[in-house]
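Each chain carries a letter (A, B, C, D, E and F) given by its place in the written order, and its residues are counted from 1.
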Amino acid sequence: MSGKIRLIDENGLRVDGRKPNELRPIKMEVGILSNADGSAYIEQGKSKILAAVYGPREVHPRHLALPDRALLRCRYHMAPFSVEERKSPAPSRREIELSKVIKEALEPAVFLEKFPRTSIDIFIEVLQADGGTRCAGTTVAALALADAGIPMRDLVVACAAGKVDGVLVLDLNDLEDKEGEADLPVAYMPNLGLVSLLQMDGLLTIEEFKQALNLAIEGCKQIYKLQKEALKAKYIAIKEEVETCLQS
Amino acid sequence: MSSIMISRIRQKQISQMIASGKRLDGRGLTDYRPIKIETGIIEKAEGSARVLMGRTEVVVGVKVELGEPFPDRPNEGVLTVNSEFVPLASPEFEAGPPSEESIELARVIDRGIRESQAIELEKLCLIPGKKVYVIFIDIYVLNHDGNLIDASALASLAALINTKIPVYVVENGEIKKTSEYMPLPMRNYPIAITFANISDKLVIDPWLEEEEIMNARLTITFDKDGRICAIQKGGQGALTPQQIIEAAYIAREKAEELRMLVVKN
Amino acid sequence: MSGKIRLIDENGLRVDGRKPNELRPIKMEVGILSNADGSAYIEQGKSKILAAVYGPREVHPRHLALPDRALLRCRYHMAPFSVEERKSPAPSRREIELSKVIKEALEPAVFLEKFPRTSIDIFIEVLQADGGTRCAGTTVAALALADAGIPMRDLVVACAAGKVDGVLVLDLNDLEDKEGEADLPVAYMPNLGLVSLLQMDGLLTIEEFKQALNLAIEGCKQIYKLQKEALKAKYIAIKEEVETCLQS
Amino acid sequence: MSSIMISRIRQKQISQMIASGKRLDGRGLTDYRPIKIETGIIEKAEGSARVLMGRTEVVVGVKVELGEPFPDRPNEGVLTVNSEFVPLASPEFEAGPPSEESIELARVIDRGIRESQAIELEKLCLIPGKKVYVIFIDIYVLNHDGNLIDASALASLAALINTKIPVYVVENGEIKKTSEYMPLPMRNYPIAITFANISDKLVIDPWLEEEEIMNARLTITFDKDGRICAIQKGGQGALTPQQIIEAAYIAREKAEELRMLVVKN
Amino acid sequence: MSGKIRLIDENGLRVDGRKPNELRPIKMEVGILSNADGSAYIEQGKSKILAAVYGPREVHPRHLALPDRALLRCRYHMAPFSVEERKSPAPSRREIELSKVIKEALEPAVFLEKFPRTSIDIFIEVLQADGGTRCAGTTVAALALADAGIPMRDLVVACAAGKVDGVLVLDLNDLEDKEGEADLPVAYMPNLGLVSLLQMDGLLTIEEFKQALNLAIEGCKQIYKLQKEALKAKYIAIKEEVETCLQS
Amino acid sequence: MSSIMISRIRQKQISQMIASGKRLDGRGLTDYRPIKIETGIIEKAEGSARVLMGRTEVVVGVKVELGEPFPDRPNEGVLTVNSEFVPLASPEFEAGPPSEESIELARVIDRGIRESQAIELEKLCLIPGKKVYVIFIDIYVLNHDGNLIDASALASLAALINTKIPVYVVENGEIKKTSEYMPLPMRNYPIAITFANISDKLVIDPWLEEEEIMNARLTITFDKDGRICAIQKGGQGALTPQQIIEAAYIAREKAEELRMLVVKN
């Protein structure tokens, strides 16, 4: 994070015209892949991410099965064409780490103990990356879990806050992430009030950190509303389909 | 490719219908499922396309970089086709190194593009023997409901047509990027048509359940002039020479139809 | 396929002096490796290929076993010294694809249903490659299967046709393959009259394709005679050996 | 990270004690185990250190080589952090490619060093865009008894402070090694402090049995000026925002204490 | 081995001041890692090596289990920082070979038949390499086996002899190994009088070889005394600990 | 190396015969099986040989390319020995990365050639520090009936003697290939002799069944002047120093005999 580029203009606006505490445009859709047990799609700014859930199902290889709960697995993966410079398809160290932290962000929300000896597999595919993909990936994966009918204690929703040109901002884009002073991705369970993913790079005083954490949580709460709408839209669509069937 | 279990009864039903010239989903033997093509969906890629063929969904991204030419083709750009069967797309797909099916798919698409000389690779050389454009075609299967080859070939072609490459100038042996972009130079438009052999009939564009029970698969790729540029037989069965020749004539017609979906004018 | 080199001379002959519809010299031998259950060797032009069959035998890893038939596996592999420039021993994408199409060429000929829960493993090693190795590999693998005593519906025999300097030719060598206009490898079951491997690169009209397909099938029929002779030679050799034993 | 079985009774005992503000090994909730640091133990490495934190033992070696800079940082040296969980250290560790735990560890240590700008990387460039110093930090876990992150961060920092790099001179574009060595130029000293959440309390420096039963893990890394330079939450549980803020204040104090063990003056 | 550097000075002494038949300083310690069932540490010259033993324990993967004896496995591995130029963490061909020969050096000493269906896993980590690491690794691994309480026919102890500047020498350091004329690592079971590891690079006449082999065995016998002392020191330490406990 | 099951009765028979100085196949304890050597069998390789030792069959191909020297040997060509145990050769061999047996074999052969300085590597430098000949020896086991080391060493030596390398000229720092070829410059001819220890006797050239029951294996490689250039003990047993010395004397004689099969005049 070098901070050489000017990221906040004279009107206090960001490179993409947003106010410091403003989210990027977000679009979500639930239930879009026919093979998966659950699936969802998110666009947040220019980031475009798909998630699918398979399970609860038999565990392969079998010796990984847990006697008292489901095995939750998560794979965060980027398409070779999702970034400026083509990415090799083999998982990078970054992708392996993010798979782990996203899994751990979702795990506290899922009633794993209801499905012993099975696996629940979450696949997140980043089709285009423009910053904040671990957060958007967490948000969309939670939708896919819900779409798969997996019983959950709460939804999980994620959003980053950070610091650019000395200003605390919400939902960093790629440029702000790379050139800013700090990035703080947070996953939140809005009804339980718990933080299930927390990372930080950069430099923040404890005071700044407190504010940034609150800002991120506020962002999560806003995105949570959109999550619920996306789920509702799916059920309305199903209802309409059923009614059309019954009428015909 | 897949071992999704479908019941014996349903298997019988599908093959008996085909024997009598019909298909379970109402299509005729040589009908494609509804096809939907979108391009330019990945702004960070130099070219991209999404193809829906029934419920089969494929995204292709084209990335363009600079690199070295092959020693035996010093004056030509380099083409690389890669495919990934990500586990999101099917319970049968696993993470890890590419499966033989995935490699076969990429190689069949590659041959169609390469042998029809679709891309004018000789226009993609900046400094002979040293610097050329490298074109990466990455095929990403998002939902597998059969006939990945045709969907991938169509998406690849649509993505190539959609591709804009940055213009470079060479000054005193130094390469400089300009702010301009130009379309990828193309001279041909290959289309792959795939048949499944079921009940001794060839049906076009098999969906997943048909692939489960097919005895053999035959893909014939045609260039814009109606010439064959690639063939691939797959599956554990065999075909008569007559079946193959018949398939070629049908495929040539179908290829014309499909090409019109991506090539305007 | 660039077509810059002259591949057909003024007398209509090819770079190695053959007529368009002439095969290269072919030599086959059956039963040459003592460890394998069946084995064979072929020289076709300068291509030199060994095949071995192990099985029917227990499947490793076991979970791959099929309840109703044998698992047929095939590995086509090139020795590092088999080509002009040393090849890395790790299987290339080309080798993986050819392993698949050769397996699928042999599969329809084998009574796999007679050996449920077993595997039949075919190993093809190209010691020297001079064009047409997938075809010669298929031909020699069929001999090794027969030598292993695996019951078969038919032999499988393979041969390529193609187009060089505008002329349709049989059994392309390496130079013709690389510099010609089209290559059409075909595997054929001569008694059943069925095509079990079919690939093509290059450009052919449907008319040319029909002719080339017929040419390749005619080539297959010629090679089939040599296959049968090679099998017979093996049995004669065995018979002689047995008789010598009985006499001594 | 580990599934060493500890009895239910012992689990209960550990968590009940923590609920009442005590720990089975007699420590207070925010006490570290005894820490022992040795440096310069690997003479063939440019820098090295061994840290014992209770029975957890980590060795870090720093190797310095010449190499190319990253294209987007042509004037800076390159830092690489790698960790190996060798099977000698725990019955849970296996030979083979690095586990996700091992990768996470290395990346957390890396972020602490990188974000605090601990190493003056801009002083490690010899020929801009061409030749720079490459610093390899290799973390080698020798005995795993919990809290590998703090032990590894401490050992990495001690090894960096211990590092002497060869001095090179550039003459007419040629790089020549001199016989001299200089300390690795450093401007900051990050310290990682890790908590385990057990019985809704945060305990510092968990040992292996505590890690077995913890619900979540939280690591906060502080630079020398008391600023946070890296955070990592781990484990399958979650934390309240209040817990996190409280942890930050405690960690800042603890980081000061630990830093004094490695940074003299 | 080029022999360009002078390795024996005018007084017949070696580059590190040793006499030809003199060992480097050796320090051993037993039982230093708390997780392993047995462990030991050795410093021989500047070589620094740790060994740990886990087992007898359940075999993973299970199909490797042997019905009539324990499976002995050994992994010799070098830390990336153990050598002049940083070594990649992936096992090199050299490390794979040394793992095999060290395993085979230890195998004849262990009563494997007492623990059917289990594995005994030996892990050797070279923290610093200065020549002779396969020998020191064998010596320290034998200590770790003893520390793990694995019943043994004999200890195993290893030492190299070699030829530098035409002189037969004991216990080569890195420079002597690289620049000398021959290196002969030997592992020996001192009570059984058997050689269980033997390798050689370089050039030796049979006469020289005989002398070098004897020299190496003499070296082994000296190191064996140190091995026994290290084991005794461990037991004394334990005894003292126990007594302290009883007194308090 | 192998776990082909042979019956206990046959095992006993083999070892009892050896105890009384005989072998099941009629050989004396220090007799080789019939050896057949062919060279030049792979025209596309710069050198090649096939060795039959009884039913053990090994093909070696030598490829010669240009490449960079090792930094510490700037004036020498590079030698690389690789071996593949392809699954065609034995039910015990598996496809995949080389097994430890395969790596050991290649390294033992490599040491024999390298330590005897068989190839005049210093004559294989074209531009010091930049361009040298790289010699690849690829050992390909086609049928495994025991004693792969001796058969591979013999085939490697025969293939090296058979090798013709292209002649290059260096003009103004540019390397040009001429149409000429020259023999690979060689100064030594190492021969490996392998013993199996069975019933406390050392038998030469063990076949597969003998390897199954041997207690230890000992390979001694001799150069043309009767000096030892490589030794490798294998197997899970041990040997007395006396056995080893005796083996050396026998091996020296045998090496002379075998060398005459490949080195003429």
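Everything that follows uses one rule, which is that contacts are C-beta pairs under 8 Å (C-beta built on N, C-alpha and C of every residue); 3 or more make two chains touch, one makes a residue touch a chain.
Values in this document were obtained by computation on a predicted structure and should not be read as measured data.
Listed here as common contacts of subunit C and subunit D: no chain. The minimal number of chain-to-chain contact steps leading from subunit E to subunit F is 1.
Of all chains, A has its CA centroid at the greatest distance from the CA centroid of subunit F. For this pair, subunit A with subunit C, the centres built from the Cα atoms lie 52 Å apart.
With each centre defined as the average position of its C-alpha atoms, the distance from subunit A to subunit B rounds to 31 Å. Separating the CA-averaged centres of subunit B and subunit E is a span of 58 Å.
Touching two or more other chains at once is no residue of subunit F.
Residue positions of subunit C touching 2 or more other chains: there are none.
Arrangement of the chains shown, judged by which pairs touch: one closed cycle in which each chain has exactly two touching partners. Starting at subunit D and stepping first to subunit E, the touching chains follow one another round the ring as D, E, F, C, B, A.
Interface residues of subunit A facing subunit D in the complex, by the touch rule stated above, are 1, 93-94, 96-97, 99-101, 104, 107-108, 184, 189, 192-206, 209-210, 213-214, 217.
Interface residues of subunit F, counted against subunit C in their complex, comprise 41-45, 48, 55, 57, 59, 61-63, 65, 82, 84, 86-91, 95, 98, 136, 138, 140, 142-145.
Taken together, the subunit C residues at the contact with subunit F in this complex read 33-36, 39, 46, 48, 50-52, 54, 57, 75, 77, 79-86, 89, 91, 121, 123, 125, 127-130.
Contact residues on subunit D toward subunit A in their complex (touch as defined above): 100-101, 103-104, 106-107, 111, 114-116, 218, 223, 226-241, 244-245, 248-249, 252.
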